[in-house]
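In the two complexes below, chain A is the common chain; its partner is chain B in one and chain C in the other.
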Partner chain A sequence: MAVAQTSTSSSAAHRSRKLIAFLRNNASLLLIYGLILVVGVYAATQAENFRTISNMANILRQTILLGMIAIGQSVVILTGGIDFSVAMIARVVALTVATIFAAQNSNPALIVPLILLGLVVGVALGSVNGLLITRTHANPFIITFGMANILRGVSLAIATTPIRGIPREYLRIYDTKIGIIPVNVIVMALIWIAAWIFLNRSRLGRAVYAVGGSERVARLSAIRVNRTLMAAYMFSAFCASVAGLFILSRSGVGDPITAEGMDFQSVVAVALGGISLYGGRGSLWGTLGGVLLLVMMSNVFNLLQVNIYVQQLFLGLIVLIAVAAYKSPRSAT
Partner chain B sequence: MDESSSKQDSPQGILSLKNIHKSFGGIHALSNVSFELNKGEVHALVGENGAGKSTLIKIITGAYTPDAGVIQVAGEEFEGLTPSVARRLGIGAVYQEFNLLPDLSVAENIFLESPPLNKVGLIDTARRAREAYTFLERLGTHTHIDTGELVKNLTVGEQQIVEIAKALAMEAHILIMDEPSSVLPSADLDRLFSIVKTLRSEGHGIIYISHRLNEIFEIADRVTVLKDGLTMATKIVTETNSAELVLLMVGREMTDMYPPKDNQPGELLLEARDLCIEGTVFNVDFQVRAGEVLGMAGLGGSGRTTVCRSLVGLGKVHSGQVLYLGQPAPRSTAGAAGVGLVLIPEDRKTFGLVLNQSVRFNVALPNLLQFQRSGLLQGKVENDAVRRIISDVQIRPENPDMGAENLSGGNQQKVVVGKWLLANPKLVIFDEPTRGIDVGAKAEIYLRIRELTHRGVGVIMASSELPELIGMCDRILVFHEGRVAGELVRKDFSEEVIMRLATATSASTTPVS
Partner chain C sequence: MSTVLEKSKSISGRFSSFRPSPRLVRGVDLAGQWAAPIMCVVVLIIAAIFAPAFYLPTNLKTVLIQIAVLGVVAVGQTMVLLVRSIDLSVSAVLALGAVIVVQTQAGNSLWLAFIEAFAVAALVGLANGFLITKRQVPPFIATFGMLVFVQGARLAYTKGQASGTVPQILRTISFQEVGPVPAALIVWIIINIVFIVVLRYTRFGRWIYAVGGNPSAARYAGIRVDAVIMIVHMICSMLAMLGGLLLSGYIGYVDLRMGADYNTNSIAATVVGGTTFTGGRGNLFGTAAGVAILVLLLNLVVVLGLPIHWQLAMQGLVLVFATALQGFRLFLLNR
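On to the complex of A and B.
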């Protein structure tokens, strides 16, 4: 009797299951963009400055730098790892380029070679992360955190005061527009699109999800796990390097505190965007929303003159909630 | 249905479930299920995967609350239990996956929950060791297990005994054993049965779940058959037979599980020469030809799985050689798969499936190159291929978007098999291909293996289930402590001979019965 009952209600049940599955799969996206709307509307009514065009532009700008870093961070977190060295890679790249400019009398002919050098240095640092993680099998947090501390020391050795002597032409890059769109927006969009295609349409991208889902299963499914992890950490470092180069262009000097705090912020943005900190689940749409929401909130906090310590506390809470919301795959079964 | 209450001198019921209903999102997992357990009884629970056994067990251990129905434990009535209430009522469970801490000692594990304390309130280690010893002795195993030994150094069979002792230490008198035999090498089965019998004679009630019907006839008093969430029947074991139980379980008679053997061995595919793997495998030689099934028998830890893994490049080969199509075999799974040499690993949940991904993702994973056109994966090509595999290996439901973790064990195994069939392999290594799956799914897996050999694919089948090795293989290699103890051809197959080789007992010392 129960069997008959089951079969008649099964098509309706199937449809409602599909709907539930859709909502569950996209819950984090719906939530994040909903939150952006709510925070935006709230801020617009509470803080007059929020509504101004210049403030909106400001928010977008901040989104772009954190966004670049967060895209790389997303890929690493999807593999089940974490990259806590992104901010320091951005810093070392910015300071390296600044130092050479300063030593070479601000020669504008060096702009292209130094951009390339910056990217090579950054990606090389990422490959060291990747090598250490794949060879030692140590926790990526420890490895990249150690790397971050080494790089913090390196950057202190390079400079303790702002490095001057960046060529004017380099400084203009940040504000250059193609048509009406700033170059930095275009670069960030290109990175995002490339990362999206990589994650959704390439074998290596699929491998990223597989490794994050289960490294052992991925290895037994003919996935080259080490190669995948190397690629992820190198890509993350590449994104950080691009951000570092833009930050240098924006600030105009080689600032020894370049990108401070962006490592943690990028993790928060990714977690906010619904990418599981256990790896294997989530999308770049979420990261985009996560970055936007984070930047918007910090903007609103500043406009409403919320204490910086309260802001810190808030970031920490978000990560804890995100970790709790995505139970570890082990406890879920 | 069941007349046992009038049979013996008034059996004392200790657990009774009446008219239990449980559904999940419109799907009836259990409908009107009733189940009784008496003091000093072994009551077997059988049914195919998805029949509702696990749900019923979870209701008894308090993990789930039934939607309707009554649970009666020791005269008290409940609408539902919680894990802590169930524990207080003396309900304990031994699952297939043990809840032991590998780096703690046997005694520490047994008394993990409530260790004996001394006057100051600290753990009394001497008393703990003594009492742990007493528990093990009660199970008749004290000579084998040292209470101070770390659990990770024990065999699977010994770990299971520790798990049982742990349940007893928590004063369980209703003991649920979830497929206890499926993790054991055959040699440990007798010990398990004697433990179950000891517990029964002490007055414990035991719910015994197994896919192996012959075990039920060996140790159970009654058997309840579940199918599609319904109680099909509760039978006294002496008044039924396995054919009747299978009929009740699957609704059809399983005449022959194994497709006929008509293999035509062809060219040499793979050859292991003097293969040695540090500390585990020594001087192993064998050959596999196209279109044949080479069996690998042996107890747990005999080196069977290690050899299988090493053939696809996992683990370090110490010395010796694996030749595949005359060349040294690739030393990575990706390289091996590239030349058609694939391993379908044991333990699908740990090694076979990315559980939080869909059927499509899992089936596609090792085959991504097939779906690539000018550097990009083509969703449509992928989808068509996955759908074809779903219908070829009959995965139910036929939904590529279904989460792998939501499938039954049998269907999960079909996904793992399917993903490698799509890869067009030349040699497939199956490690425990049918562990923990129901008879229907088993028969389908056997059919797939036979299809492979018909197409000229070579198959290695490592298994601890002797009937399936005998039913499926052309030759069987028997491992004992990392060495090949013997190679049998079809006319010499018998469970007795294989066991004798696997346990290294010579024919003369085996008692003649």
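On to the complex of A and C.
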């Protein structure tokens, strides 16, 4: 009897210890989803419009475009790098496709080839990033930042005014539904699942974490560091180009300010989601939460009619707090 | 023992098929150090052949003032890069300075406005330094967040429309001609001399190189690493503020997009001038040459009559090229 009692109490202790361990390991995840809940409840009580179905759908829609970019960004940041060119890759892809549509009298037969072309252009740009970073061992932040500058110039060379002449069939892609689920949600979910399986179940995905943990140790452990980095930057560019194609389909014109600011927002979402900006730690669940929180907050700001510049102030403040809250595992020395 | 050595050699041999010859290492090292001055001369010659309009006195004056403004900002950026950090908030600070001075001068003493502006700049630098040293935030994230924050603060403060006239004294220190050169250039030269002396001949300057070269060694040597990084960030922000004052004096008004590309440009100029991202390597002479080459290239885009967006692409190209060159140079030197 006594034995049975101790065993149950020890199993209870074991269970509580397990719970504590779970809480500790997933602190950032719980924090982010808790924050989403808090912001959601607050908004629902403060702003009538927040509760409407159409607003919820709107939030989800915005989450999807930023989410696609943020998934790619997560993989890059997990390697210890960063990709600041994602927004400009999305823009160049969107503008390239729009220009060709316009030149070909918005021929609907070109939709599939041009989508493929856009993806190829995007991935090619990503591989340029990857090549520069792996071959010259240069700082990834500056390389992609410079690349963003170049692409910004290129996109202005392509178009300074909105490009018209996108075929109607292409515009419909964004609102198409399979069953009741919009196709953009499906694509985003597919990308997320693919990235999750890639990171957690494939050897290359484990290599991503290893490289982010310590590039030197990874190299000495016979992990192909360069190949891993190339894959990460190309994947990030792929996600960005998919987002660019959807943005083009949504806006209906080749907008020369496509995806403005999404580079920074994606980094913020990833950082909010608890992925260490030093690389090697974090999960894609966090990214999803980070994107949702970011979009929700900007939605709430809009509903409460906060000045757009004050919104920017808050965004900066949130970033500073978010990054200051997660202390790096390594000491500065 | 020898087997261990052999083994490690074979491992490194297996995983790095690339073995640079000493000549390549020397060549890339020299290229990294001398790229900017050599390119300066080349660009000047090209300008003489293809764009004689470049040498018109009015254009030269514009170029000199632009060199001065960017140069002042780049001095701060160089020092920040020397301690393994980076400052992406310079453009926001630069624009903030102009706004503060222009908006507060009405009814107030001008000197008060100046003191206020520089105090705000020092505060921004201190916050950057605090985040980077005490919270160990990656520098580019900390300063980029600061950029968004300061921009938001400026726009919330001005409600999106900056107005007011630039005080006469700013016009004077920027635009007035002293002999053949504009006054801004003299400000730049003075700043350069001051900080060259600081970096070369003072204890603080040695600390900067020590911290950038090897932070942990510097800490063991009794240097207060965190304090050095914070002070350097404060200096950088204050120099960015000075750059903003010179710029507002030069363009004569304050607008919303003022100074937006000074982040990219100051970093590009610094890196072209031979300063590396891993700290401890580089000097202000190189930066001065880097500033000159960048401004020359950007000006040539205008003089040649190319569309203005090629300036953006040019900035990016210079940045990517210089970063790649310096990264490769360091990689070779560290082998």
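Note that in this section the second predicted complex is superposed on the first by the 309 of 333 C-alpha atoms of A that agree within 3 Å, B and C clash if a C-alpha of one lies under 4 Å from a C-alpha of the other, contacts with A are read in each partner's own complex, and residues count from 1 in each chain.
Going forward, a contact is a pair of C-beta atoms (placed from the backbone, for glycine too) under 8 Å apart; a residue touches a chain by one contact, two chains touch by 3 or more.
All values derive from a computational prediction rather than experimental measurement.
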Which superposed partner A:Asn149 touches (first chain B, second chain C, both, neither): second
Touched partner set for A:Val112, first chain B, second chain C, both or neither: neither
Partner chain(s) touched by A:Ala13 [first = chain B, second = chain C, both, neither]: first
Chain C versus chain B, contacts on chain A by residue: C
Which of chain B and chain C A:Ala21 touches, first, second, both or neither: first
Which of chain B and chain C A:Ile53 touches, first, second, both or neither: neither
Partner chain in contact with A:Ile180 - chain B first, chain C second, else both or neither: neither
Touched partner set for A:Arg219, first chain B, second chain C, both or neither: both
Touching both chain C and chain B, counted on chain A across the two superposed complexes: 219-220, 222, 332-333
Residue ranges of chain A touching chain B (in the complex, touch as defined): 1-3, 5-6, 9-10, 12-13, 16-17, 20-21, 197, 200-203, 206-207, 209-210, 213-214, 216-224, 280-281, 329, 332-333
For the chain C and chain A complex, residues of the former touching the latter: 11, 15, 86, 131, 133, 135-138, 140-142, 144-153, 155-156, 159-160, 215-216, 219, 225-226, 264, 267-268, 271, 277, 307, 309-320, 323-328, 330-331
Chain B residues within the chain A interface of the complex: 25-28, 31-32, 228-230, 314, 332-334, 336-338, 342-343, 345, 349-357, 361, 364-366, 368-369, 372, 375-377, 401, 405, 419, 423
Interface residues, chain A side, partner chain C - complex: 82, 132, 135-139, 141-143, 145-154, 156-157, 160, 219-220, 222, 264, 267, 271, 277-278, 307, 309-317, 319-320, 323-324, 327-328, 330-333
